[in-house]
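Two complexes, one shared chain (subunit A), two partners (subunit B, subunit C).
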Partner chain A sequence: MSEMWVNMGPQHPMTHGLWNLRVKIDGEVIVDADPEMGFLHRGIEKICEYRRYNEVVTLMDRTCYVAGLSWEHVYLMAVEQALGVSVPARAEYIRVMSHELQRLASHIMWYAAFVQDIGLMTPFLYGMRDRDLILDLLQSYTGARMTYEYMRVGGVRNDVPVGFTDRCRKVMDWLEEKIHDYEALCDRSDIFLKRTVGLGILKAKECLDLGVTGPMLRAAGVPRDLRRDHPYSAYPELDFVIPTHDGADVYGRYRVRMEEMRQSIAIVRQTLEWLDHHPGRVLAEKVPRFVGTPTPPPGRESYILRRGYPKGRGFAAIEEPHGEALAYVINEGAEHPYRVKFRSPVMVNIAAAKDYLVGYRVSDIPPIMGSVDICVGESDR
Partner chain B sequence: MTVTLYDVAYWLSSHLVALATGTSASNLPGGPWTTAAVALAWLVTGIIVFAASLVNTLILIWWERKLLGRFMDRRGAMHVGFAGLLQNLADGLKLFRKQVFSPREADQFGYYLAPTAYMVTSIILLGFLPVSTGFVGGSVPLSLLLALAIFSFAPLFIFVGSWSSNNKYSLIGGMRTAAQLVAYEIPLLLAVVSVVLLTGSFDLTTIVMDQARYGWFWLPLILGLVVFSVAMLAEMERIPFDLPEAEAELVEGWSTEYGGMLFAMTMLGDYVRGLVGSYLIVLLFLGGWTLPGPLAPLAAFPLGGIVWFQIKTYLVFGVFIWVRAALPRVRTDQLLQVGWKRMLPLSLANIVIAAALVVWGWPHLTWPAL
Partner chain C sequence: MKAEEVVPRLQAEFPSAVQSVALRPGVLARLEVDPGSIVPIARWLRDQATFCHCSMVGGVDWVERREVLYLLWSDEFRTYLEISAWVPGEDPHIDSVSGVWRGAIWHERETWDLVGIRFVGHPDLRRVFLPEGYEFHPLLKSMELHEPEELEVKRRHV
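This part shows the complex of A and B:
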């Protein structure tokens, strides 16, 4: 059969979102790949310029449906730097805990979707069952399961409820047990190993050249994790290790994520322990108040008001479940940010698709693209 | 005396004719009336087989949904009918109400022919597979051969359907089906050859009766059972061999372009083939409708054989469901490798075992004087 281009997407079960992977196949072998992104572009960065700082948090939940709290976190870190706000320690710990719970939920979601792509449906429902427990936890203190709107400039909206830490510990124990189940379903299955080992190889150097981050980079043997390399929030005081793998393949990414889930559980336990013994404020006492006109006239220039916030710029980088998320906020003194820029790890990881797809087979596309952990809302923003 | 399916049908038809003529069923007037009763009896036989097959298939789908649900820590269908028993009927009805359409660029004849022929050939199979002594739509001396021959029609129609859909995914799925089914047809038939060697007959009833007399064949032909089951999994296109409709990469494989009732027909065909596959495994290796040794009288009740046969079939299909819940999908090249490099030698070894058994005087093993 001659070579032909096949559109996998924008409506395709493999894509997990709205994007298009164009692959050129020769029989079953991939000879070229061309990811097309941008179907889900909502102009979030632009919308941010028309929202007050705290209102942008709502948009951050919408960037990624599995990692809303992580995006709230990175945005607010940049904003707090831009506005010169300090965050109470308890709020930092709650943020880190939320972030790690979110990472767990995201990784479980990834596991569920990834293994289902290979054709195994059982873990999908196991994953959904266990992710629900985390969502219940998040709901108990943020009030929502997906769009939390929980963090605020200068801390978080409210403290965790009474008895939360014990409940959370129970869930962590349960999850630790269940991660063994996940691994048993996969690691002991010859078919799973055949479908994952040695596929989608992206070596460390290529990862670094292309800017690929997160579990994909760590699966290539590079122990880079912003939580440890550029510690933020409460991470410097927490004890955890950065799992890596030497395979640089689909299986390596799976192993890294499984270990990361264990590390996340360890981090959550440490934060719970800290939260138990350190009551206090969760929102900074002195958040600078905007004193200009409350409702700005239309037209962007006039937003820069006479007596607004002190001017400043903020930059933040966090280790999001998918990789390194960066945020840059320019504050020109208005009640709205002048410019907000995000860097999504997923965008970069997908853009490198050609480098880890060419040479493999059509049947390998779902496991390989699944191992990238795609969240299109986040990459297109 | 055993009651056969035809007896039941004739009982019904003769009573109907008796009602029409105003006589008693045991004393029909001769000539055309008796002929009419016989003809009606055959028609009734066909309808019974058809209806029983469809109901059985629906229950099979229900069984899959429930069991798969339990494996996945959920309950499966719950709301329509008792424990969701009528859910499939509701789903079928929903698909039935949908508009029948075809893609504009599709080849109309092939597009409509494929699911129809796929379903019809699948249902025909149930016509001559015995479910108990005498309970068979049409008794054919070479029923096993005929069943396997019709069973292997499917790739042809799938390929026609996939090609005429004019969709790249369908086409890839169709080609995979062709490659897969051809690769697994051979070990499947070779596994059957071993059974035929032991019984010397292609008649499924004889094969079952032989097993009742000499012991079920799964023990001496354990290799054959394994090969046959694995090959049957591939023939049914179920996980881990459901590459032709690998939904992750090929959307819905060869049936991507089919919707509404046409889709229902492809699904029905799939499950009828699943039912037939399980039937064949029970008939060839697990003693059909008989029960071993001291339990044998249990199967001697009127209709007892049918009950045990169905229970065995559902257990066999349950194993397939279990496999589906536990295993991911293999890749095309790996599938073909397993087929040609593992299944084929195993099935040949199985034939050697069967031949050796026959040489040594199966079923009363004696060492031949050398």
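This part shows the complex of A and C:
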């Protein structure tokens, strides 16, 4: 049979967003793949050049709509380095706690969507139910469920409310119990195992060559996690392990994410313990005044270069739920960043699609691409 | 090799290509290198200094010239290395490192798309985010942010 190109997307249930996977098929077998991005490109890096440092935080929530707080975190770490602002310890702990709650929410969202792709409906409902509890927690101190706008240059906007730590502990206990349910639903399901084990293999060597990071890399047996290898914020003081798997397949990525959720729960518990005993400021005392003032509308003095502010560059790297996220901020002494550059882990993981799709069948595409954990808002920016 | 030895040994290996070395927080060092010798430097860093992961390639428009940024990660040293190469603003181009790290292919496509730096020897230099046939590179400082307008673009696939 002759080969032909098939468009899977831009609107296809497999895409979990808006992108196009072009696959070349020979009968049922994939012989080539060409992912195509850009349908959700909003020019966030360009808009950043026209917003003051604190205003960019609003855009960071929109960058990745399932893990907004991690993007706020990486952007602000880079800005604080560029502006020379130091963050109080309590704010660092709140940031780490938010980041880990966000990781839990993101992984549960992934689990719900991925397992539904495979054809199991119950885990989707379980996942959505438990994700809501985390969103309730985030709402109780950020005021929002998806677009938080919570972190600020020099710390976070407000402290957690009274009684928050006890409520959070209860949710963590509940989740720890429910992760067993998640696993029981999948690990004993023949349908799940047949559609995950041995599919979408990407070995460690190819992962490193292609720059693939996050759970995909750890599922290939490489224990790289920037929380431990390039520690930032309060992570050096926290105790956790890096789960890996040697399958390098879809099932391995599922196992790694499940274990990561357990580790996140352990980290959140440690931060809650610390927060209970260390009251204090959550916003730095000395922050340049211009970071918070609103921007005049474009067209009128939208890019003012006022000499006199210190110049500098900031670079930060974090382990986002999807992988390694980088932010690079250039401060040219103006009220706006001169250039902001992000590295999106999802874009790199999708870019490697050819290497983990070729040789499998068309019906294997939804589980394989599902295991990548795609957030198109983040890859297209 | 230890992490501190990487930069001196690189300087000894490429005495004229490494133009300046600066220390910055968060990375092992920031090196400014000659754009003509980026590929041998990249290959040396990968093979001799274990920088096996090309984390990011980016571009910055400084109006008269443009800067190409590379951030590399080494699993052995557990650190980043920042490499910067300056290319002229007129017809900016630099050799592609996609032959050294395959992961750089999409980063270089993105840099071409948004900042307009051409990567010589790139296997597949198409745009990533913007449609093929779009004539602008949006992250250039000459592009002002303004209200959206209708632009006629070629269709991607016919």
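Operating definition for what follows: the second predicted complex is superposed on the first by the 362 of 381 C-alpha atoms of A that agree within 3 Å, B and C clash if a C-alpha of one lies under 4 Å from a C-alpha of the other, contacts with A are read in each partner's own complex, and residues count from 1 in each chain.
In the analysis below, contacts are C-beta pairs under 8 Å (C-beta built on N, C-alpha and C of every residue); 3 or more make two chains touch, one makes a residue touch a chain.
Quantities reported herein were computed from a predicted structural model and do not represent experimental measurements.
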Which of the two partners, first being subunit B and second being subunit C, lies in contact with A:K194: first, second, both, or neither?
first
Between subunit B (first) and subunit C (second), which, if any, makes contact with A:Y65: first, second, both or neither?
neither
Partner chain(s) touched by A:F164 [first = subunit B, second = subunit C, both, neither]
neither
Between subunit B (first) and subunit C (second), which does A:Y126 come into contact with in this model arrangement: first, second, both, or neither?
first
Count the residues of subunit A touched by subunit B and by subunit C, then name the partner with the higher count.
C
Check the residue A:M8 against both partner chains and state whether it touches subunit B (first), subunit C (second), both, or neither.
first
For A:D229, decide between first (touching subunit B), second (touching subunit C), both and neither.
second
Give one of first, second, both or neither to describe whether A:R339 is in contact with subunit B, with subunit C, with both, or with none.
second
Touching residues on subunit A, where the partner in the complex is subunit C:
7, 36-38, 41, 43, 45-47, 49-50, 81, 208-213, 222, 224, 229-230, 298-299, 302, 313-317, 324, 326, 328, 330, 338-339, 341, 343, 347-348, 351-352, 380-381
Show me the residue ranges of subunit B that touch subunit A in the complex, using the header's touch definition.
68, 71-74, 168-169, 172, 239-240, 242-243, 246-251, 324-334
Of subunit A, residues touching subunit B in the complex
4, 6, 8, 12-14, 28, 115-122, 124-126, 129, 185, 189, 191-192, 194-195, 361-366
Contact set on subunit C toward subunit A in their complex
24-27, 52-56, 58, 60-61, 69, 71, 73, 75, 78-80, 82, 101-107, 110, 114, 127-131, 138-139, 143, 145-146, 156-157
